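To keep things simple, chains are lettered A, B, C and D as they appear, and every chain counts its residues starting from 1.
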Amino acid sequence: MKRMGWISMLAIALVCMATSASVAGEVIKVGLPLPLTGIHAKFGEAIRNAYLLGLEEITAAGGVTKGAFKGSKIELLIEDTTSKPEVARSAVEKLITRDKVPMIVGEYSSSNVFAVAAVADKFQIPYLSQTGAADNITQQGWKWVFRVNQPASEYAGGLQDFLLKVVKPKSMAILFENTLFGTSLSKAVQEWTKEVGIEVTNFEPYEAGAIDFKPMLLKVKAKNPDVMFMVSYLMDAMLLMRQSKELDINPKIFAGGAAGFTMPEFIEGARGAAELVYSATLWAPDVKYKGAREFYDKYYKKYGVHPEYHSTEGYAAAYVLKDVLERTKSLKNEDLREALAATDMLTPFGPVKFEAYKKFINQNRLPTLVVQIQKGKLVTVWPKEFAAADYVYPVPKWAERK
Amino acid sequence: MGWMLDVRKLSKVFGGLPALVNVDFGIAPGEIVGLIGPNGAGKTTLFNVITGVFRPTSGEILFEGKNLVGLKPHDICRLGITRTFQVVKPLPKMTVLENVMVGAFARVGTKEEAREIALRELEFTGLLPKRDALARSLTLADRKLLELTRAVATRPKLILLDEVVAGLNPTETEETITLIQRLPERGIAAVAGVEHVMRVIMTISHRIVVLNYGRKIAQGSPEEVGHNPEVIEAYLGEAYAETS
Amino acid sequence: MAEGQRKGHMDLTILLQTVLAGVLVGGLYGLIGMGMAINFGVLRIINLAQGELLMVGMYVCYWVFTLWGLDPLLSPVVTIPFLFVLGVVIHRFLLTPLIRARALPENQILLTVGVGLVLTNAALLAFTSNYRTITTSYSASLITLGSIAVSLPAVLAFGIAMLVSSALWLFLMKTDLGKCIRATAQDPDAALLMGVNVERISVITFGIGAALEGAAGSLLVLVYYLFPALGGIFTLKAFIVVVLGGLGSTLGALLGGIVLGLAESLGAVFVSTGYKDAIGFIVFVLMLIFRPAGLVGKARM
Amino acid sequence: MAARGGKGWRWGGAVLGVAVLLGFPIVVSDVYLQHLAIFFLLWVTLGTSWNLLGGYAGQISFGHAAFFGMGAYTSSLLFAKLGFPPWPGMLLGGVAGILLALPMGHICFRLRGPFFALSMLALSEFLRLVTLNWRDLTEGAVGILLPPFFISKLPYYYIALALAAATMLATWFLVDSKVGFYLLAIREDQDAAEALGIDTTWYKLVALMVSAFFSAMAGSYYANYMAYIDPPIVFSIVDISIAMILVAVLGGMGTLWGPVVGALVIVTLSEAFRAYFAAAHLIVYGVLIIVVIVFMPEGIVGSLAARGPRWLRPRVATDAPGASQG
């Protein structure tokens, strides 16, 4: 048993070494937990880059320029949560209790957002989430949790509008990766089809990362639906479209549910099969929000990677953070929360204003967009007021294309 | 005399190849039987079938009137038959004492009782001084001895000894044989399987059974078997009676 | 009536196309599994870094294509020797000491977990987590037979997988080294007595197991994409393939791969795509219960 | 045998250890450290329960996440669907683990070789896919979000401590008895064990059931503590199944204290590496595994114990008076 004694001491010593004391001063430290390794590393990196880009601009422009903290600089304490919820939890508990951050932003996957949000709510530290999509993140009555992005069930709002007004489909196949995001979005769309009287010919979850989607696609082909709606990440989206073209499947339109279908690598990796594919999305570089194009160019220039909506969410959140710090009376949790709740601003991601509606609270309510890939470029085509170009419809069959 | 173990018309076929063919024999309580046969004659298979490792293709094995066919090795051990292995199987990372305690647990439930039995049996076989050594550190002779001790600790009525003296030098062989000779005084019968017809086996065995190509070719007192022409033929070309 | 006939025809087409898809993917699974099988046959351990070796093979293929324009179909001339050397190094410097020390098999398996972690995360550092694909002139080409269409890269990949498998089989059957490997797999002690340098054979076998992943990597790039963390998925597939094929049998692994490919594709069509992989596991457990020696029985290598 | 020390000295150590464990969360109020301590205890539980089966009985499982996930889902579903209280639900989670272990053991323990290890892996993947696809029951990939039960970490800590202690005591009790000797005998040589009257299938099954029970309880605990589960998290091969083996092997298989040391090393080092090596932390972790396995094949406790006090040795120590005379 004596071992337990020095074992505990060693544990304490090691952990103490691993954490640095925070320095007070003109710097406001805000916690940014992100998955920088593990399965979500790619998104963690993209979001981190966006935050850092935003922070760099903010700092260059003098940091916090108004209010009680005028002249203060913002520092982001980045913690790698390794794509695991228990690590996200330990990172946030560390940020709150050791680094004493007044506020938390960040995280990516919904499962990690749950972990962060539960801790933040328990400690009554405001948490601004910008990517986690699960509906119930803002349905738990978590008073301290705010969300910039739309909940999963609303991702396809714009697309649904487009379908009703333009395509007027009678049938629809829904294929989705068997993840939280895929399941939530597909279920929402399935329920919507019931309301508007569209027959769902196929409702197929699949395991992400398959080599071969042909068996599933053959089932779709046999039903020949008007719309093929797919919720997939990048690599599955690529293969789905490539193999749909190989199998000569010709619905009236192919429509993606955000995620992979709006990523630049998709257009490249799908080898021509991406052309004229529609997708729901939260953001596109050509959307008519102020600063959208500029953000796109700056990000691309700095990192050499095309940003998509995950990055824009992070960039927008950085500016929301600055805005909140310019309006808050103090760094006390209640004041920060109040300032957050009163947010009403425009960002390149769209307007940000937290509302309570349906079952949601502290939820930013934004329209969602429809993009189409035209000549290898992502073009916003719906809703009309944000559209950068006309949609191409009807879409020719594969065989009729050049 | 009634047989304690009665093997009747036992056959075992592996993928079309017969390993045992209609073998009949019996063992009386407290008897020492030498089971002789060249390599591949079926001795190990016979032991494996009796102890339930393999199910016989046909035939019966009666032990004290109970049919053993279909029972598992551990059931058979509890009924009173245990064995040693041709390739020794000590429990390498346990001590000599612990090895023997594992055997003793077949009859008792607590560590203290098992320990007591184990120490007594180690004394009996002379391994007591090495009780704290790890089994894997023992010499081959000691491992064989350990296996025998462990087997005795299960309080069997019958021990099947597979290749009991293979690989031992003359002195070690002599010691082992002496030990086997003392088993009946503990109420234990033994079948000692050996490859060669050795004088020592001939002298300690009450009876000899000879296997060749899976068949019993001879049975009887050591003298009878030693003069059996078929036995002599089976061993033709080999040194008939090794002078050990 | 005409409608019914058309439907019947459609069903047949779907069945044929499904079977074809299953066999084509299965060939690749088989090749990936063979690497693990040959290792298991000789070393008696499951190499849990097998998928990571495949990942390395894919990156090598990707870079020789991107930097020097070497066609993926020709890239095995680079990936095979590269992975062979990598395998030999891993075995020589990490596994050999363990084997000499007679370490428990689970330690050897865990060691391969460590190797896998290092490979994956080194790739993550070196190449970032970005997904990459290769586009060649024939990437989008199709072969059509009546109403059935198959992608040319998938057919080419399958063909070469069969070629590599046959080459491996000939190597094991006809060459002295191959015979030594088989002898070691059957009975290491006996092989040792017969004068086979078992340690050297183990090292070479591990190299061959890795080299097979190199070849498989070159082919997989044609139909798939690559990213650092893809190893785990394929280690698991290889695992199932090896059990289906009878642990340690290379020809069995090939057959096991095709069975797995078929089970997955037929399951996806006739049961549910979501349960596709579950069907693979059910086949796996049924095998364990009813034919633990694998599809081809006790034959080794 | 200098380190054997007096009995009183050892009792003193034990009392001190218990005091440290009981007092830790009261003295150390930092919730971050408390969180790490909770995970340390959780990994002690998981490592110890894997070790009973893998280290003592020699039955290596590559899929203990099957039990972990089974426990997590059982108690969470009982709560979410029927409102069954989650802490008693932990016990039912454990029972569910046993119910899963029974048929598994029956099928697999008849076979020798790596079949059990592989079948466990298949089982955990199978369960992951079932929970993912049986959306009506499990909510599939959306997972189950539970309300947090306590604000303070103290109750969580003491429940984790009780669970870890129960697992270790159960292991100690089993290992120190006839069952322990039998499990070791099975690990060392199954044929010999059978010949010595050991019903190997039964004793392996006993070890599996105990191991499954505690692993599943740990899964339930995880669900209650983290308040959210989904199939990829609780049925993770790398983060649960392999990590359990790592804890046991790094610490020392077949030793009582091995998993404790293993859990300590894994929890503290992975946290420290995460802070210090940033993106490279998993490489460092991988290298650490390789180094320990190559240079300390018996694990940390196993390797130290070869030179250290007898009671640490990786086998059943027969501490009776006669033993030290030889």
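One rule holds for everything that comes next: contacts are C-beta pairs under 8 Å (C-beta built on N, C-alpha and C of every residue); 3 or more make two chains touch, one makes a residue touch a chain.
None of the values given here were measured: they were computed from a predicted structure.
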Determine the groups of chains connected by touching when chain D is not counted.
-> A, C | B
Any chain touching chain A and chain B at once appears in the list D
Core chain by centroid distance, with centroids computed from Cα atoms only | D
Please identify which chain has its centre, taken as the mean of its CA atoms, farthest from the centre of chain D.
-> B
Whole-Å separation of chain centres (CA-atom averages), chain B against chain D | 42
Chain B to chain C, mean C-alpha position gap in Å, rounds to 47
Whole-Å gap between the CA centroids of chain A and chain D | 36
Give, as an integer number of Å, the spacing between the C-alpha centres of chain D and chain C.
-> 32
Can you list the residues of chain C that touch 2 or more other chains?
-> 121, 124, 272, 274, 277
Multi-partner residues in chain B (2 or more other chains touched) are none
Which chain D residues reach two or more other chains?
-> 129, 132-133, 279, 282
All chain pairs that touch each other | A-C, A-D, B-D, C-D
Enumerate the contact residues on chain A facing chain D in the complex.
-> 1-5, 7-8, 10-12, 14-15, 17-19, 36-37, 80, 82, 84-87, 89-90, 93-94, 96-98, 111, 114-115, 118, 122, 134, 136, 140, 178-180, 182-184, 205, 207
For chain D, which residues count as touching chain B in their complex?
-> 176-178, 181-182, 184-185, 188-189, 191-200, 314-316, 318, 320, 322-323, 326
Complex interface listing, chain D residues touching chain A = 10, 13-18, 20-21, 24, 28, 30-33, 35-37, 39-40, 129, 132-133, 135, 140-143, 145, 148, 151, 222, 226-228, 230, 233, 239, 257, 260-261, 264, 267-269, 271-272, 274-276, 278-279, 281-282
In the complex, the residues of chain A that touch chain C are 37-39, 41-42, 45, 175, 178, 204-207, 209-212, 214-216, 218-219, 221-222, 234-235, 238-239, 242-243, 245-248, 265, 268-269, 271-273
Within their complex, state which residues of chain B touch chain D.
-> 51, 53, 72-75, 77-78, 82-83, 85, 89-95, 97-98, 101-103, 105-106, 109-112, 114-115, 119, 129, 131-132, 147, 150-151, 154
